[in-house]
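Per-chain numbering from 1; labels A, B and C assigned in written order.
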Amino acid sequence: MSNKKIMVLSVVSVIVLVIAIVATSYAMFTANLSGTKANELTTGYVTLNCEETTFKLEDTSPMTDADGIKMENNEAICKLTSTMKGTMTIGYDIALDVIDESQEDGVNEDNVKIQVTKSTKGAEEQPKYLLETDANKGVYISSIQDETGQYNDDEDQGYNLDSDTITGDTEITYKIKTWVSNLKTTGADEEEVPNINESSSSSTCSNPQLKTKEECQSAGEIWGDEQTSTQKGGTFSFKLKITATQVLSDSGE
Amino acid sequence: MDNKKVLTISIVAVVVLVIAIISTSYATFSAQISGEKENKLTTGYVTLKCDEEVFTLNDTSPMTDEEGIALESNEAVCTLSSEMKGEMTVGYDIALDDVDAETPDDDLTENDVKVQIYKITNEQDPAQTKYLQGTSENTGTYIANLKEKSGTYDTESVENYLIDSDKITGTTQVIYKVKAWVSNNKNGVENIQTNSVTNSDDGVCSNSEYNTQAECESAGEVWGNSQKSTQTGGTFSFKLKIGATQILEDE
Amino acid sequence: MFEEKEKNKNRGLTFTILGIFVLLLTSAGIAIAVYTWNYTSDENRISTGDISMSLLESTDVISIENALPMSDTKGKQLGKNESFDFAVTTYASGKPGDINYSISITEDAVDEGYTKLGSENVKVYLTVLPEKRNDAYQQEIEVVAPTKVSEIIKENNTGNFTFKDEQYSKHSHTSSGSTITTKYRLRMWVDSEVDASDWKKDSDSKYQYKLKIGTAGSIKPIGVVE
């Protein structure tokens, strides 16, 4: 065995070791921090923080993109700040974590729309509209179901809003305006109004407490056949999820 | 500069258009329900008819009321019947029409002709027979006296010579009779009768088909001069007219 | 032996290099620290309420036989057997505000053996019935004055009534879980101006007119200019 070969072997083992160390580090830092505000994780060199604003909007109505965008109190905000000592590149994915608990109700990712903006402190073009949204237009949440990020390992994650890298001290603000839209345009000039159900029942009284025709009519009510059209409401929730990881490869820089 | 203005204007125009479209096509809730119950009405009908009897009286002579009323075949009859499905009140006017329209220039006029007018609402009960326009069982009236009388319900088509105005509802029948004669008085003045004698010197045949003496005589007719005395007569005619219209209850 | 010595020598060298690398990498590892961060926000929630609209049609429909032209005064007094009652009910689980609705008429095909009576010959009249009644016929409120159907239905086969007062075509849902019902009575008759003189007994001139009602409701978004 030549010295060269030994050298090669050594280098290979070192690499294996490096990988082992990296893996260990990864495990060490994979902390689950769901649902706490202003989570910080300090490595001593990097601090990432998301200062968030959440919304709870009850009893809203379906509306146009224009109204949804004009509306207030329908905005989820994450002010993502990084503080770094030394040079490091962090790659991150910001995505929606869809929690539509009531799948059966009328409001779901097929009729909830979002408009996503990103503003970087100090950057010139502000704000930047993400996905297919623009100043006047939102997208259905279902349309981003297959958007995957670049920096997370979860292949099924989807709903990615943005993937980017940061170096040094930065402040990036993500705003996600959310509204319920009942107009799902499936093609040009084609409108579809979901959640309208029509039902007919057997004869009934205009005062539902009166059960017989005689009672009903003698009370001056109307006895007849009823048809009902219903637009079913419901609830839709989501969280924002950020996965950040150090970008080790500096090939791109 | 000008181009910029134009551009701004067109952008504004487009924006307005877009807003207009949104406001008409957009609703946060929309439902459409078509009723299933059928409501219908079916029309009824009203039929009015006048079964009439007319008369043609030739070679009549002037006479008194008594004679005229006693005369037969000088009666115009209109059996007015109504048939109704549904509810309606119909008002009608019955009048003389086309009075002396055929021969207005001859010597027999509305000042010479008298009528007796009456209606029978129940043939079984003569007491219900009603004489109209000032006539009675024994007297008539000159047609000229009716001239100024216009209709009550159908004033447009019944402007004069009114006989009667009345209302009917449901299915019913009324008989109108108009007896007419030439009066021997001319509307209060003694009737003037023109007598004239004409002589024919040229000779005529007793059968007017033959124009020459030879033809006349060979046919066994008499050829000679004749003398004729004429009382100038005339022809008088009239029709009956009915104008009917619906009467609205609240009027 | 030498070979074995060589082997040991090599092994020693390998370990030395390895040790150095490990040392280097350990220190480097601390310095570069492979960094990951996972963050999940609080929940954002949006919800809408249920909204429904119903049309209740009386089983007693208008069925007028032998209709003849009639005055508005008489038409407005047509009784129970010659009028049609229906109710519009809206329900909202939340507070969506005003549900505006319209009431429309649709013409229907006539029965066999009849000729359709022109819509300009038929008048309709719409009233609102009192919420509770002692004598409903006394307390009706006129919302659409007697109007020829032809003035409602213009081009197609459907036309909306024009309400005298918009409060009778609007349900304001200002508290949660509210149900609002408005009861209506429709009357129809042949307009008094119609010339019925050609209506006869025979089938060629038997006329008929049929209609159905319908309703359409909507909530206009707030802030959008009409």
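Methods note: a residue touches a chain if its C-beta (ideal position, glycine included) is under 8 Å from a C-beta of that chain, and two chains touch if they have at least 3 such contacts.
Given the structure is predicted, the values throughout are model-derived calculations rather than measurements.
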For chain A and chain C, the contact-path distance works out to 1
Larger contact count among A-B and B-C belongs to B-C
When you average C-alpha coordinates per chain, which one falls nearest the overall C-alpha average? Tell me, please.
C
State, to the nearest whole Å, the distance from the C-alpha centre of chain A to the C-alpha centre of chain C.
31
Euclidean distance of C-alpha centroids - chain A vs chain B, Å
90
Distance between chain centroids, defined by C-alpha means - chain B, chain C (Å):
60
Which residues of chain B are in contact with two or more other chains?
22, 26, 28-33, 35-37
Where chain A touches two or more other chains at once, by residue number:
61-64, 66, 224-225, 227-231
Would you pick out the residues of chain C that each touch at least 2 other chains?
51-55, 57-59, 86, 96, 217, 219, 221, 224
Provide the residue numbers of chain B that touch chain A in the complex, in ascending order.
22, 25-26, 28-33, 35-37
Looking at the complex, which residues from chain A come into contact with chain C?
1, 3, 6-7, 9-11, 13-14, 17-18, 21-22, 25-26, 29-35, 37, 39, 41, 43-46, 48, 50, 52, 54-64, 66-67, 70, 74, 76, 78, 88, 90, 92, 97, 99, 106-107, 112, 176, 178-180, 203-204, 206-207, 213, 219-246, 248
Can you list the chain C residues touching chain B in their complex?
51-55, 57-59, 61-71, 73-74, 84, 86, 96, 99, 106, 108, 110-111, 114, 117, 122, 186, 188-190, 192, 196-197, 199-201, 205-221, 224-226
Residue positions on chain C within touch of chain A in the complex are 10, 13-14, 17-18, 21-22, 25-26, 29, 32-60, 85-87, 89, 93-96, 129-130, 132-134, 136, 176, 181, 183, 217, 219, 221-224
In their shared complex, chain B is touched by residues of chain A numbered 61-64, 66, 182-183, 191, 193, 196, 198, 224-225, 227-231
